[in-house]
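Multiple structures are listed underneath, in structure tokens.
Shared between the two complexes below is subunit A, which has subunit B as its partner in the first and subunit C in the second.
And then the complex of A and B:
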């Protein structure tokens, strides 16, 4: 029996070897042909590879990515600059009634519910977005940092906890949003039941449903956006913390450094490039918040029967493309450029502020 | 302060349960104020020993004493040691000044005194003018000095150096070797340093420990270890070019080589491993005749190759005493420079 087994193994080993040898020879053949071809081209001085300048070759290799970027990124950006100067642009007939430089910007900036809260509401798109950005980003970055540092110290069940904390990243945003909306239900929601345990009067305590107070639904929104973005940050921080040379910690241990100081003086500075990267991308991401609001409050961006609106800048822009004010593309373009300007300025400020604190 | 290791043992167990003994029953007493080199081939447990003294590794059994204090169970920060890592482990985001100051920040030291001590230490190691630089702006030798200053600034009881010179180029190594010796003399601190470079260990340490597979082979001053190796391993490990070893029999009080009487020797008749250092041979007018296999002139010295009992043996002799045409060379060697090792235990039988 063992004999048979061995001979079978030997047989397959031979086949595998033959296949390997075949591919080895194929590669030899190709190399041979390639070299001969190159020699031929060299001899007649028509070899493009050696005659082309390096930048041309680089351009050739970059062209697939560049073409995609051109079509889907650069062209729309340029086009939005073009759109913004049209007056009353009509999508279907492609006609305009005139041209303006600032007209569309002024429309957006003076529009009710963009910066200034509209008369019937208590909030505007810019205010909502800024609140989300400036509350959720710092909290989520700090939280992710602490969780990553804590995860790095535990030994048993390490991968288990890493998986748990990474789960939100692979879960659908809309699905999580629906679960959140369910958890924060007025009647029998998990949160209200929990609060009820502590004697809080939860009768009619509404979070995301009709009659919810602005800060209460904003709290749910911020809570949700922190939680859904946490996973990626934890993963990035954890990998960079694991990349730190152990000797720094040993040296610190010998010098009797307390845990808090090790964290603030060694861990944080050593992963500061990653923290900065996460900070910049999260600010940008938070400014572009859209689907979390839709997931929690629907496309209207507000719980039923309230006098405020939780719509973000992107939601505001989107209404001119496919919403209540559909077709007004020039105004949408103006809104996008304003959002772009805000993000640009904030990123530049962050880069400037980080120069001293980020150690590459 | 005296440092004492008693029966120190470290066994690593990997995931599949296979045990590896890194250090085995190590007994060493290191006198106060001496510089001791831990020497051995790679993987012999010398760094493990150092880390156990530092407290970064827990010994499987055995005890470590600093003076009269048993520190075996003490956490590293409570032992009062300074450790210089192989690649220095300087905090890259801090200036040299902050790097040296870092250990003091955790101690109860007034700010003025801390700054004074940092400057003092920087001057001692010769980097007084580099305090504002970042480690990445320093050369390897300067980083090394910063690492030593950082280890010394809190006035530790013991200074530990883990292969401190292995990342430096050859010339710098010679220079830093003397620097470490000087700094150790000036501070008078008990110092242990780990190295695999025998020349380095011999030139800087007051005493050396040679380890092989976690077992102490010999603990003595470098020169006495060189002239009186305790066993075959130490004999083979020390010396460059390496010692010649071959088997030979002692018959009726005579050491027999190539079926001839080589020398009268006072050991029991038996088969031995013989060690003879190439540099201990002399080319003389009347001596033991050997047939030359190869001859290489290297400036001042000449290397002669010949056979002793079928083993290739090299002799390093003065170039003036020999010419490349010689087919037969007359060699002599002092009896005290012939080492006979027991075939079973490897222990030297005619020395010590």
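And then the complex of A and C:
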């Protein structure tokens, strides 16, 4: 019995050895070829590692990203300048009736719902957007600064609060917008119920439904946009406040400086580059506001049965892609170039201001 | 230090974790089985009669017992609550048991075992509870040297002594022997302390107030999604509902009848592919910008940075032409010839801001490491995969999560793409445009707010789960991305 067992083991061992030998032979063969190839390269003084030009290598690494960017980023930029000069561009047949330089810009600028309020409405896209920008950005930046400073002074529960304040960042704008619209309902909305506790007459006090006054629906929109953008600002401010050298605060503590002055003379100046950065990005973000409006008021951008519209500039542009005015893409391109110009000017102004004012 | 006791405690902890894991599996499978049993309204004329949803009183047979609607709701709610409590506890303990050393064990560990045991008992898991409390006794022996009997005996005197200390009045300081100056300093210190305490109080009140404003929409969303129709539309909605009144059937209606299961599947497909593409292209491009020296690198990079300022609407106009009939022909073709997924994924398989972000963290890898690798005959690709990617893995991970979130929240582009497809395009909706464009209105004009909010919850909860799983990565990543930009 033991004999048989031994012979079986020996048999399998032989097979295993044969397989091993085979693979070693293959490997030896490959090494041989590799060495010969290397000798050949050395003989003719070719070295791929050093001779392979850097730009070719870079192109190899950049090509996946660059191809996509070419088609979906650079080409659209060029093409939008082409679109702007078309008159009555038709997307399905790709025909134009003529060419114009400023015609589409003039169409946008004189459109009765872009800058000038239309006769039957009381608002226009630019006015709405400017109101949102100039109210929501300062409030949210100040609020975020205060919250970040307050978070920095406490120790217990700090990470708990940090987590809660971060929650709006990881949510879907549309989903929470629907919840906000539900909370601001006229009958049985949470907000009206809350106001009713303080004796406010909430009978027919509508915010986002029919009968809402312009400023009330604007308030909801601004409230929601502040709510949803606060998280990012708080995080960034908190990170930069924590990066401030502790020595400044220790020096201030020795001099018994009041808290308010520490905040205005140490904290704010030292994180001023960050404040300016956040200002620039949030102004740009507020100019591009779109999802919040759609979530709160639907694609039409207005509560039912009111004589105004809460359209923003972006919403005005999108109505030419899929909306009431679908198809006239030249006007949409003109509108987005105007938006780009506004953003560019604001960015440049703020960069100039930050150069002079910001402490580095 | 009694090493045997510590090892015994660790072994016991592993067994407890094993029991915990089985309990979690039971909770989740109980939830899934019961959720599957939930009865939906009958289909009339091709659509469900959602009007009668809240008046249905179905009887369920489960494990040989009959359950009515409210008992069913109670069991499902309990299994959900237990899962929410047990899963984080399990993972935290798993981490602790891996890294705990003999020097870190103190009486707080024993105390936390006791509390966890009580939580186990409340979530119908007596085995874990028993093991945990037994483990507590072992730890007490390990830390203090008491036996179980002595420990139980010592509790009462300790509590008594604690209360005695609490209620004895503080002895007034003797101020007679001090001069005027030190007295004034004493009072000013006291005043300062009071002012500090007051300021701290106001800080906390401010923070709690703001936190309430942040958290209430989430709470209201979850509560409303579990109400029935009349509970969600009454003039005085309740702020709390009992667990037997939680209508889990709302979620089932949203997932099946309103097709949100399909939309979630679409979104997951788009998110997975666009994220994989983004990681691949951005890692390669960022490496080229960070390490390879070539002519025009700075110019190319600054051109890329400049395009970040251009609003996305500009791209969308032309991209829409590009993917539609006169371009690639992915959308806007006759039914059956469209390729919605390609149109939704391909424009987003790279991102300039992520290239920028990754390049920053690649640049922090010292140049000498690269040169040393090159001397040893390491190729560029090998260096990238073996050295750069592992070092920058936190950044790559942050990018992955942010990109998944981005695809999950994408609204305008999917809406435009699927909007031209009519009925066919509707099968390719992503969740954001499904949320906005699904009609939650019944034939008789009722808006089913509870279903709408349930759909919102369904969209929000996965994001929150991912966030709580990778909280540190995400929050650090966001903070740093701001600092660097």
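Definition applied: the second predicted complex is superposed on the first by the 291 of 360 C-alpha atoms of A that agree within 3 Å, B and C clash if a C-alpha of one lies under 4 Å from a C-alpha of the other, contacts with A are read in each partner's own complex, and residues count from 1 in each chain.
We adopt the following convention: contacts are C-beta pairs under 8 Å (C-beta built on N, C-alpha and C of every residue); 3 or more make two chains touch, one makes a residue touch a chain.
Quick caveat, the model's predicted, so the values are computed rather than measured.
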Room on subunit A for both subunit B and subunit C (clash or fit) | fit
Contacts of A:300 with subunit B and subunit C, given as first, second, both or neither = neither
Name the contact category of A:247: first (subunit B only), second (subunit C only), both, or neither.
-> first
Using the superposition on chain A described above, determine whether A:255 touches subunit B (first), subunit C (second), both, or neither.
-> first
Subunit B versus subunit C as contact partner of A:83, first or second or both or neither = second
Which partner, once the models are overlaid, touches more of subunit A's residues, subunit C or subunit B?
-> C
Where does A:152 make contact in the superposed view: on subunit B (first), on subunit C (second), on both, or on neither?
-> neither
Have a look at where A:100 lands relative to subunit B and subunit C in the superposition and call it first, second, both or neither.
-> neither
With the two complexes superposed on chain A, say which partner A:350 touches: subunit B (first), subunit C (second), both, or neither.
-> neither
Smallest separation of CA atoms, subunit C relative to subunit B, angstrom = 6
Sort out for me which residues of subunit B touch subunit A in the complex.
-> 54-56, 75-78, 81-83, 85, 87, 89, 91-94, 102-103, 105-107, 150, 154
Contacts from subunit C onto subunit A in the complex sit at residues 199-200, 203-204, 206-207, 210-211, 213-218, 220-221, 224, 233-237, 280-282, 284-285, 287-289, 292-295, 297, 304, 307, 309-322, 324-326, 346-347, 349-350, 352, 355, 374, 377, 379-380, 405, 408-409, 411-412, 415-416, 419-420, 431-433, 435-436, 449, 452-453, 455-457, 459-460, 463-464, 466-467, 471, 474-475, 478-480, 482-483, 485
Of all residues in subunit A, which touch subunit C in the complex?
-> 49, 54-55, 57-58, 61-62, 64-66, 68-69, 71-77, 79-80, 83, 91-92, 94, 143, 146-147, 150-151, 153-154, 161-176, 178-180, 182-183, 187-188, 190, 193, 227, 230, 232, 235-236, 238-240, 243, 259, 274, 277-278, 281, 284, 287-288, 290-291, 294-295, 298-299, 314, 317-318, 321-322, 329, 332-333, 335-337, 339-340, 343-344, 347
Within their complex, state which residues of subunit A touch subunit B.
-> 245, 247-248, 250-258, 261, 265-266, 269-270, 272, 359
